[in-house]
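Chain IDs A, B, C and D follow the sequence of writing; residue 1 opens each chain.
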Amino acid sequence: MQAIILFGVLASTYLMVIAKRTPALIRYFRYQSFFLFLATFAVAIEERQIDLYIIAGLLFVIKVCAIPYFLNRIIKRMKVSEDLGLFVNAQLSLLCVLGFTYLSWVFAERILAPRNEAQAIMLAVAFFVVLAGMFLMVFRMTALAQIIGLLVMENGLFLLASTVSGGMPFFVEIAIFFDVFVSVIIMGFFVYRINKLFTHIDVNKLSRLKG
Amino acid sequence: MQIFFILAIPIFLAAGAFLIGKQKIFCTLNAIGYLAVLVASVMLLRKMVLSESANSYFSFIYFDALSAFFIFVISVIAFAAALYSISYIKKDIDSGVISERKAKIYYILFNLFCFSMLLVPAVNNLGMLWVAIEMTTLISAFLVGFYNNKESIEAAWKYIIICSVGIIFALLGTILFSYAFSLLGDVKSLNWSDMVANAGRMDKNILKIAFIFILVGYGTKAGLAPMHTWLPDAHSQAVAPISALLSGVLLKTAIYAILRFGIITIKGVGFAYFGNLMVLLGIISLAISCGFILVQKDLKRLLAYHSIEHIGIISIGFGIGGILGVGGALLHVFNHAVTKALMFFGAGNVVNKYRTHNMHVIRGVIGTMPFTGFMLLMGAFALAGMPPFSIFISEILIICAVFLKGYYLVTFLLLGFIAIIFGAVVHHFSKILFGSIPKGMSVVKEPLSGKMAFLFLFVQICALGIVLPFIKKDLIWMVQKLFQG
Amino acid sequence: MIKILIILLQLIFFIAVSPFISGVITKIKNNARMRKGQSVFQPYCNLVKLFSKGEVISETSSWIFKAAPFIVISSSLGAALLIPVFIFSGQTYYIGDFLALIFILALGRFFLALAALDTASAFGGMGSSREMFISSLVEPAACLVVFSVSLQFGSTNIASFSGMHPVSISSLVASFALFLVAIAETSRIPVDNQETHLELTMVHEAMVLEYSGKRLALIEMSSYIKQMIWFFLIAQIIFPIAVPCSINTAQIIPWCLWYLARIFMIAGAVALAEVSVAKMRLFRVADFLSFAFVLAIIATICAILGV
Amino acid sequence: MEHLNIDSLFLFDPLSAFFLCVIFLISLPSAVYSIGYLKGESSGLKTALAWFLLVLFLISMGLVVSVRNVFVFLIAWEIMSLVSYFLVVFDTKHEKSIQAGTIYIVMTHIGTAFLIAAFLIMFKYAHSFNFAAIKSACSLMPPQTRNIVFLFLLIGFGTKAGIVPLHIWLPYAHPQAPSHISSIMSGVMIKTAIYGIIRFVIFILGVNSSWWGVLILMLAVISCLVGVIYALMEHDIKKLLAYHSVENIGIILLGVGLAMLFISMNMPYLAVFSLIAGLYHLINHAIFKGLLFLCAGAVYKATETRDIEKLGGLIKKMPQTAVYFLLGAMAISALPPLNGFVSEWLTLQAFFLGAFSVEGGYRLFLGLCAAMLALTSGLAAACFVKAFGITFLAQPRSRYAQNAKEVSLSMRAGMFFLSFLIVVFGLAAAIIIKLLAKVASAATGINTSSMSFSLNNFILSPQAGKGVYLSTPLLAAVLATLGIAGFAIYKLVNREKAVIYKTWDCGYYKLDSRNEYTATAFSKPFRIAFSFFLLPYRKTQKIRESFYHVKSFAYETHTTMVFKKYIYEPILGLVFRSAKFMRKIQPGSIHLYLSYIFVTVLILIIFMRKF
């Protein structure tokens, strides 16, 4: 059961890296969050703690429904081309991400001392998701891609937290969720502003402040 | 008890700003509110230093001398910024740059920003520490993008993206710390006090990696060298009192967070690891800021790079450790905050009058604005580290500490960079301040509140500069006290 | 009381004898050029003539022009007092030593140059600029000669090397260096021509161009005295003479004759040098004086090696 | 921090007392002078500010020379530089003074950085900032650290004193300040650096290797020659005096260097004697340089220009200032009865006496140094004939000089006091030498009760046995009587009245001021003689009316500032080029910034082992 969920997370991340258009990217993000929800739900069943259930539910509501809906609304409101503006074409970025997988596997295995085999895989997948988020942010031009990259990294962290130490204290989890949601709204607000002022959301052209 | 008082006032003021429409009445109320915060923090600091006990309420609020010191620094600068923003915002409204409604938003954000910054040192749980810092980023993003023109929006966007990435790394580090802590017993808690208690038994390897993530994460927020790229853009585009708060105090809260985790790693892995990392990043930030200051054209960016330089010096100070090192660094935190705030206020006035950031255009500030010009001149020399002012004392302490520890190369790099930066500062500021007044510039009379803010800060720079060599006992004692956490 | 008498005697001796020496030099030069030339006492006649003539002072000049001759004559006579002619080495006079002599001469030169500038004429300025140029380049050579001499005799007091002493190579080289210095100082041919009428080539003469009458006489006299001082110093190093401890008439006559003969020999050497060499361009004088400086260095090295 | 115990802050040994009296001896007349000088100032506020800064300047200098704790010394030192920066930049209107101020404060700060390094090394051994503790700790310092500390101290104090390679700021900073301030700066502030060298190198560090003395002597000789050659080429009167400060600092350092050489060869008598010569020239230079700057200020106030090519004939319009300037000029070019002559004579005697008791190579070295000193005094005399002659004598060359008027009483009072001091210090040399003996013994720690430097209150006798005597009062009396005798002969010989007529003009037309000798012409022989060092540049241009008729000539010549061109500009260029290269780090693209963060994380993790 654990393996299927992890495979699902991996697959959605690879899809995200290949995506060329923003709606596709959001859809794959939705899949990844759904698999993440399944993972936390599995852990919740195993640990049988009430707050884990609430967190899983919260995760589903925010990450799977609210944020993607919010992002899609932004795209519709802005008459901007849906092209993601890749620095690196799809094939090369896929190769990169494969390299990242190996890197995170080595990192998890050698440096962090995992207790058992299952935890090692979980650690590797978590770090891989973080690295992929990083990749998305650096090698995609549009502002929305950067927001999604940020969310993917946050997903990776959440996966790490829930698997490794059985999740952080309940109150902190809620606060982190709330923070993530607020930051997405604020970034969306700024994307509107950029679009109004610069008539495009290609962040790479934003280079008036030099030196 | 005062801690609630300190945290509550900004919230009330934020609500007040929301309710009271008339901006003129509210701004003075705001200043009085922060005066109360200042008084409370002074009482708190005195109580903490004397009573030596770290007390915590409902396992959520926890503070000791270190956090009391940082709360004191934050409240000093917040009060000065509140005082200054009275005249600054009024001038902006009169000149039609911002509308009445925007001023209201400004005050709401200002208070929320101060609340979140005051929250950071008070929080015990490391997760909540992360949340508080995330809040400061989000709120200050609005304040950076306040003027809604192309540059400020770009600066705000860069600020929010880079700091969010940095903070995510910090979250990664926090999780690894909790993972290392959970390896010991199976109890799951992120409370700092528990972690410090049994830091010795934690797994060394994980602590090392965790601290690297923390250092890079909160280092981005603190503006340490390779991750400083957002700082010049954000500080040069923000509203003047806000950029004073940003570079005076926000960077220090991030340093505070690094210190908190640093204490754990020192107990866990040993001082050398923490020290070398901090000194390395300090030297890199000194080198980069020195390069940029030399060829800078924009006044506010020059001050922003100066913050990077001083943050570098502070991190070297903490990295060296020992009574002199840490004492010097803590002193430098306060001195730099005060001086930088004064300089940003002065720069705000200048930019307001000359309508440009470009230093080649600004001439004869002493002629057009005698009071601000004089303050800028004194501030520039204070910043560059001339003796009658306090920064010189703390810099000498840090150099002494570095020298006594035996890092000769670091000392000569430090002295070299400080000398080059001194030359650049004098070169830039003498060009701006002196020289003939450009045509059509009238001598302007500054409002009283603006002057009060300047005087309040200037007195502190000079007082410390002169008094400090003589009061020595309690500073050292406080340092020892602080460092055990 | 006797000391004052001796000082007066020495001053009169210098004032009286020095014009005679420059008369002798011109006589030797003319004979060398197969000419009869002016009589040996011609300088005295010039002085008498000048003292009786009227005087013209330029309107642009200030009190410096008027006061300069007196300072120049006082500095020359002051320097003359330091030379132990009648003031035997026994009674020490505390005025100064060899070094002080160089500085006292510099005082006279300083005021003469200023007076030349005061007359607002191009020639005066040219003369003073060249004079200061030459004299400043002479200083190091003169100082090193004093150094090498004092190394040999233990102190810079002129009296110390005025007694009998063996003539060593270093004192020979030092005296030759001093000879070149003297030529530069007393404006003899290779450096400056005294008899020329072409203002553009003059150095010393250009400075005193504006003077006339009694003031010119005073300046002429001081240059004669200075000339004699230099000749005496050279003579003292090459031909040492035992200073008689007491004045008894028996020895005094041969001693005086030998005393004056030395100076005339130096004067003869200078005259022959003048005749045989052509005047140098001003900027070559710098090399001439650096040659004198190198000679002085050689003299010092020999003195150090005790040769 | 307990090292900062500031209990016994002050230290009044004869050395500090001497320097304190030097400071107040010069600043008193300058303060009186400034009453008149600042009268024309625009607003009352500026004069009040000028007075405030002057008082602060004197206090900080007083502190520097009398404090016992290294930390407070450093603070006082930096305050002194800061206040003098404000004074240099005092009339902020013209661009030159701002640039001069920047060069000045940056150079002094680099010097202070070296000082801090040296003090830190001392602090490391002594664990306290107190002079006494450091002095005792310095004896157990290993030799090579002693050498490093000595070099740092030399560079640190050298920048402030204006020793040659580091003298670049002096000709810019001193002329820009108001005259009474530049007289204090030139007269006294540079001397605090000499105080620093004496106090820290001779008193605290203790000299035991002889190459220290030789290094200082070489630097001193070079600064003497460079200072005087550049002064000869300079036509701005205050810049000329500033270059002369470089030269006289060289002469003072000759005395101090000799003292260090003799201490290292443990010859106490000679060490004390040469230190006395150095200190005596120090106070003499303070007096006559102060006077010269005040006179230059008076000339500037009367004619609003500092370029001597435009002045001339001021002696008729400003007789008293001319006399004071003449006295100063005579003193600086070491002409007898005055004080410059005495101290230069003492320094030369120090060289000669030193040569007797030193063996082999050192003798030649001392001889050559003495020769160079003589050359410097010769060139200085030439330079001041030019300065005085072109400024004061002959006909006025421009309408500035034409309508110059004598300056106010307070300025003349300041100048009179200093010129009176010149004469007094010249004549009372023997007495002053006795006082200086005490000061030198305090500095070097050698007790000089047994040594006698002057027979009685009139006659100086450097070496008892050698019979070398100099008595300035007797010399002055002799010269005066001879001069009066000459005047008497002049008066008695014949009664004819002197005729006043125009200068001889080869019979063409009435001479006007244009065919007077100018300063450039005066210094032309020197420019040719020292062309290997000055690299003169000359351009003549015919401005033609038509092909045949030449309307006028344009003649332009200047000398290249060797140090500035070949040392300072390349370094500055390098620093600015590397800074410009650094700007590429922040090109504005957010993606690059993000990649910086990720790369740092990767690097730190990879090199984790090393930390």
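Remarks
In this section, a residue touches a chain if its C-beta (ideal position, glycine included) is under 8 Å from a C-beta of that chain, and two chains touch if they have at least 3 such contacts.
Chain-to-protein mapping (UniProt): A, B = Hydrogenase; C = Formate hydrogenlyase.
Given the structure is predicted, the values throughout are model-derived calculations rather than measurements.
Hopping across touching chains, the smallest step count from chain B to chain C is 2.
Of the two chain pairs shown, B-D and C-D, the one joined by more C-beta contacts is C-D. The innermost chain, defined by the distance from its C-alpha mean to the mean of all protein C-alpha atoms, is D. If each chain is reduced to the centroid of its CA atoms, chain A and chain C end up 102 Å from each other.
Note: centroid distance chain B to chain D, computed from Cα atoms, is 45 Å. Averaged Cα coordinates give chain C a centre that lies 34 Å from the centre of chain D.
Averaging C-alpha coordinates per chain places the centre of chain A 71 Å away from that of chain D.
The set of chain B residues that touch two or more partner chains comprises 157-158, 161, 165, 209, 232, 292, 295.
In chain D, the residues touching two or more other chains are 583, 586, 590, 594, 605.
Multi-chain contact residues of chain C (touching two or more other chains) are absent. Viewed as a contact network, the protein chains fit none of the simple shapes, being neither a path, a ring, a star nor fully connected.
Interfaces, counted as pairs of touching chains, are A-B, A-D, B-D, C-D. On the side of chain B, the complex with chain D involves touching residues 157-158, 161-162, 165-166, 169, 208-209, 212-213, 215-216, 220, 226-227, 229-230, 232, 272-273, 276-277, 280, 288, 290-292, 294-295, 323-324, 327, 364, 366-367, 381, 384, 386-388, 392, 396-397, 399-400, 403-404, 411-412, 415-416, 418-420, 422-423, 426-427, 430-431, 433-436, 469-470, 472-473, 475-476. The touching residues of chain D, counted against chain B in their complex, run 1-2, 4, 6, 71-72, 74-76, 78-79, 82, 85, 89, 92-93, 95, 98, 101-102, 105-106, 109-110, 113, 116-117, 120-121, 123-124, 575-576, 578-580, 582-583, 585-586, 590, 592-594, 596-597, 599-601, 604-605, 608, 611. Across the complex, chain A is touched by residues 583, 586-591, 594-595, 598, 605 of chain D. On chain A, the positions that touch chain B within their shared complex are 111-113, 130, 134, 137, 143, 146, 150, 153-154, 157, 160-161, 164-169, 171-172, 175-176, 179, 182-183, 186-187, 190, 193-194, 197-198, 203, 206, 208-209, 211. The touching residues of chain A, counted against chain D in their complex, run 87, 107, 111, 134, 137-139, 141, 146, 203-204, 206-211.
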